[in-house]
Amino acid sequence: MKTTILIAEDQQHIRRLIEYKLTNSGYEVVAVEDGSQALATAKTLKPALILLDVMMPLMTGFEVLAALKQDAVTKQIPVLLVTAQSKEDEVLKGLEMGAEDYITKPFSPNELAARVHKALMRSTR
Amino acid sequence: MLETLQIIFSLLLETYIIGTILFFVCVNLTYTILLVLSLREILRYMRHNSFSDYRTLVQTELAPPISVLAPAYNEEPTVVESVRSLLKLNYGEYEVIVINDGSRDNTLGRLVTEFQLYLSKQVYIPSIPAKPVRGIYRSRLPAYRNLIVIDKVNGGKADALNAGINAARHEFICAIDADSILEEDALQKVVKPFLEDSRVVASGGIIRIANGCEIVNGRVVSVGLSRKMLPLFQVVEYFRAFLSGRMAWQSVNGLLIISGAFGMFRRQAVVDAGGYRTDTVGEDMELIVRIHRAKRELHEPYRVVFVPDPVCWTEAPESLKILGRQRNRWHRGLLDVFKFHGTMLLNEKYGVVGLAAMPYFFFIELLGPVFEFVGYLATAIMFAMGRLQVDVAVLFFIVSLFYGVMFSVGGVLLEEISFRRYPNPKHLALLLAMGVIENFGYRQLTAWWRIRAFVDYFRGRGDWGRMQRTGFGTAKTA
Amino acid sequence: MHVELLIILTLTAAATFVVVVASVGLVIHKAVNARVLRHRQRLYAHYSEILTRILLAELPELPPGTRSASQFKQYEQLLTPLKEQLAQLPRSRRAFHRRALRQAMVDFARDLTGETATRLVYFFYALDFVDEQIALVRDRRWWIRAQAARDLGLLRTRRALAALTAALEDPHPDVREQAMKSIIMMAGVDSLRTIFRLMHSLSTWTAVELSVVVMQYKDQAVPCLAEGLSAPDESVVLFCIEMLAEIGFVSGVEPLRALAENYPNVSVRAKAIEALGRLGDERAEGLLLHAAAGTNVRLRLKAMEALGRMGVPRSVPVLKRRLLNGAIPEKLVAARALAANGPDGLRVLSEVAAAHPEPVRAVCEQAIEEAEG
């Protein structure tokens, strides 16, 4: 069975790009466009990894992350945060809150795939 | 004998008719100019704004800190929620100063328990005279470090704001009504003009009607329209006043009103001007006029700007009685402005303010309803005497209606070409229809309220003090 | 009959008619526009999908050391179907399609780096967007100029550099700002030198925008910022001081000291003093102590704040003097600075509070409360 990854990103073109990249890398990808959907999907789908954009309407990535870490079902799922360019304090906040790793925009799709892969390796080990 | 009287009467009538027509032409010419100016200004603003990345303001240390001043009087049921939403604004460094203006209910108590306030030893320097402060409270919780609550002896809204200005620590102050609903990015939008141009001393945001919008946790989450007529009329009216009125005036630096529900100032400019006047019901407009006056007299460069972005929502009165009281108060405030600053009227020393903005407010906003009312009266008298040329009167009435429709619809159009906050074409159609309908009845009603204000103003001197004390309370119900 | 009135009536009727027709038209337009918008969104989605595919298409690995020309040949092959598609469209629709495509490319450029971004830039050149945009930097309408300047920057198209440098002196501030940001994005941190030389009277807003860009480079920007300290324009000097303090690079201390002592403008000196406090380097202590006891109020306040921030034990006597002798706002600053000096300062504060009446006592108490709470 393929590994499932959940993507939460509000910008359609970027969401599609990441989805395409990861699908090509051999993952099963589910993409949603806002925080509350991400949370709901994470609970039912129990993906192997979540890629979470920080700047999203309705519910920011941090709020989603906090909710994920409070829920016993989703607590174990590694989360990768996608943040705007080099905002150090945001990155630190995310890592403190239990994010596995972070990716800053602008990003390189190849690097993103590599990081996802690495994070998955770490969590299965 | 009788004949001479009749001749005199006809002469009077002739002059009156000519005067009316002249006035009418002037008024409509003015409105047309304002509409055109606004259109130009809004297009400029929209284009300019498309290059502004407001996120940078939240990211940088260079964004100036702001003090938000929220006066509260007998707001026990809503105060906690209002303050909570104020604390969640999207801006770097800002403090929220709530001024409890001697409430008779438990407004202060609710705040103290909810935010774990303690009596602070903060020094209070009364740079502007205000009623005594009983105590300054701060929160024990680190999350609410930027909350300050001032408890003071009751003195009305203006006095409360003055106390808040005294306690404010930052260079920019933002005066709001405790019950207005701010958009999350309101502070960024309204502080930006100050940063772009160091001459700016005050900036005001647009006020929108929240009736019919969906509000969750003190946020407007979806924009809609009320099903009731009265709020709908006001939506159109606000568009006309804000988008086609204030936008045009700010383009020539002749903006005389920044609404008390949301305005930002350079603190020093307000302190220099002596703060808000406490002996008027129109303190928001009076302050701006006073700033204009001071700056023009000193020949200092300055600007008062208007931000057309929707930043602040307010619940409009849905009953005739309360709306009537609100309009009555506004008009008495306007009368006060001319009582205090009448010398600026038609005075070339004050430039565009003295020669254009003040006359506009005097002849059109202040006296317009009177002229309108006298017109109806004269028509009735002439009709009774059989002197009325019915065809002319009907023509005149139709022409004035046409103009009324044009300007109301124009206001709605400005909204539609700029911000488009009403997503549904049906809403737009409804608003446009309202722009037509409001000329039959609603307009006359508001004119009547404003005339009543004259009566109240000149008769009710003794009434003044009482109005003053409870004025803030009535403002809240509005 | 009354001809004048009839004329007025006709004119107003005509004017109202125009407005009413315009508004009815607008309602219809809004509905139609929604369709056009949907169409545009569909196109946008269509082109971003195509772009996604060709941006992420796996290319055969080239042997190391091959010239970039062969890489470009690979890119060109990826692009061929898209080019053909566009060429088949009738002229009128082509412009519409190209706009959607350009928008999609600019949006991608915002969020992508690495080889993918290189590819995107190549596509932008190959589809003739670059020359089109460079021409628009000289358009008559300022908003078109500003947008062209912005888009060129997002795509990092170096060919546009000359046009953008010229745009630094554009009459419209928005164009200057976009050009400035684009140049830095494209030519990197060294272009700050050109910007500091050419730009003048930066508004706070421009400074805010510029600061976000500078903060991405942090230490690398320091040499340029240090040079900027001697820029002819005061607002540029102020900006450079602020940024040096923000980045916190200690080699900024010496030039800042020189500014704090000798610059003719007090605002600049005050800013330099503030920056020295933020840098917290002990070489500045003497200067700060001197300024805290000086005659200029503004410099005194800034110096005391700086001393408070750094926590300089030697400053206690000076601060105490200002606490006793200054006006109330100055007392407050002095008291806060004392409180920041740890147990020593706090002890002085409680002593002073005990020995003096209002307002000195109140000020001390507030400072103590703030330090403890």
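Which chain is which? They are A, B and C, in the order written, and residues in each are numbered from 1.
Quick note on the criterion: a contact is a pair of C-beta atoms (placed from the backbone, for glycine too) under 8 Å apart; a residue touches a chain by one contact, two chains touch by 3 or more.
Remember, it's a predicted structure, so these values are computed and weren't measured experimentally.
Q: So which chain is farthest from subunit B, going by the mean of the CA atoms in each chain?
A: For subunit B, the chain whose C-alpha mean is farthest off is A.
Q: What are the two chains with the most C-beta pairs touching?
A: B-C
Q: Using mean CA coordinates as chain centres, what's the subunit A-subunit B distance in Å?
A: 46
Q: Roughly how many whole angstrom separate the Cα centroids of subunit B and subunit C?
A: The separation of the two C-alpha centroids amounts to 33 Å.
Q: How many angstrom lie between the CA centroids of subunit A and subunit C, rounded to a whole number?
A: A distance of 29 Å separates the two centres.
Q: When you check subunit B against every other chain, which residues touch at least two of them?
A: Answer for subunit B, listing residues that touch two or more other chains: 59.
Q: Mind pulling the subunit C residues that touch 2 or more other chains?
A: 215 - these are the residues of subunit C that touch more than one other chain.
Q: If you look only at subunit C, which of its residues touch subunit B in the complex?
A: Interface residues on subunit C, with respect to subunit B: 1-2, 5-6, 8-9, 12-13, 15-16, 19-20, 22-24, 26-27, 30-31, 34, 142-143, 146-147, 150, 173-174, 177-178, 203-205, 207-209, 211-212, 215, 242, 246, 328-329, 332, 359, 362-363, 365-366, 368-369, 373.
Q: Residues of subunit B touching subunit C in their complex?
A: 28, 47-48, 50-51, 53, 56-57, 59-64, 120-123, 125, 138, 140, 192, 194-198, 391-392, 395-396, 398-399, 402-403, 405-406, 409-410, 412-413, 416, 425, 428-429, 432, 435-436
Q: Which subunit C residues qualify as touching subunit A in the complex?
A: 44-45, 48-49, 51-53, 55-56, 58, 104, 107-108, 110-117, 215-216
Q: Sort out for me which residues of subunit A touch subunit C in the complex.
A: The touching residues are 11-14, 16-17, 20-21, 24, 85-86, 105-111.
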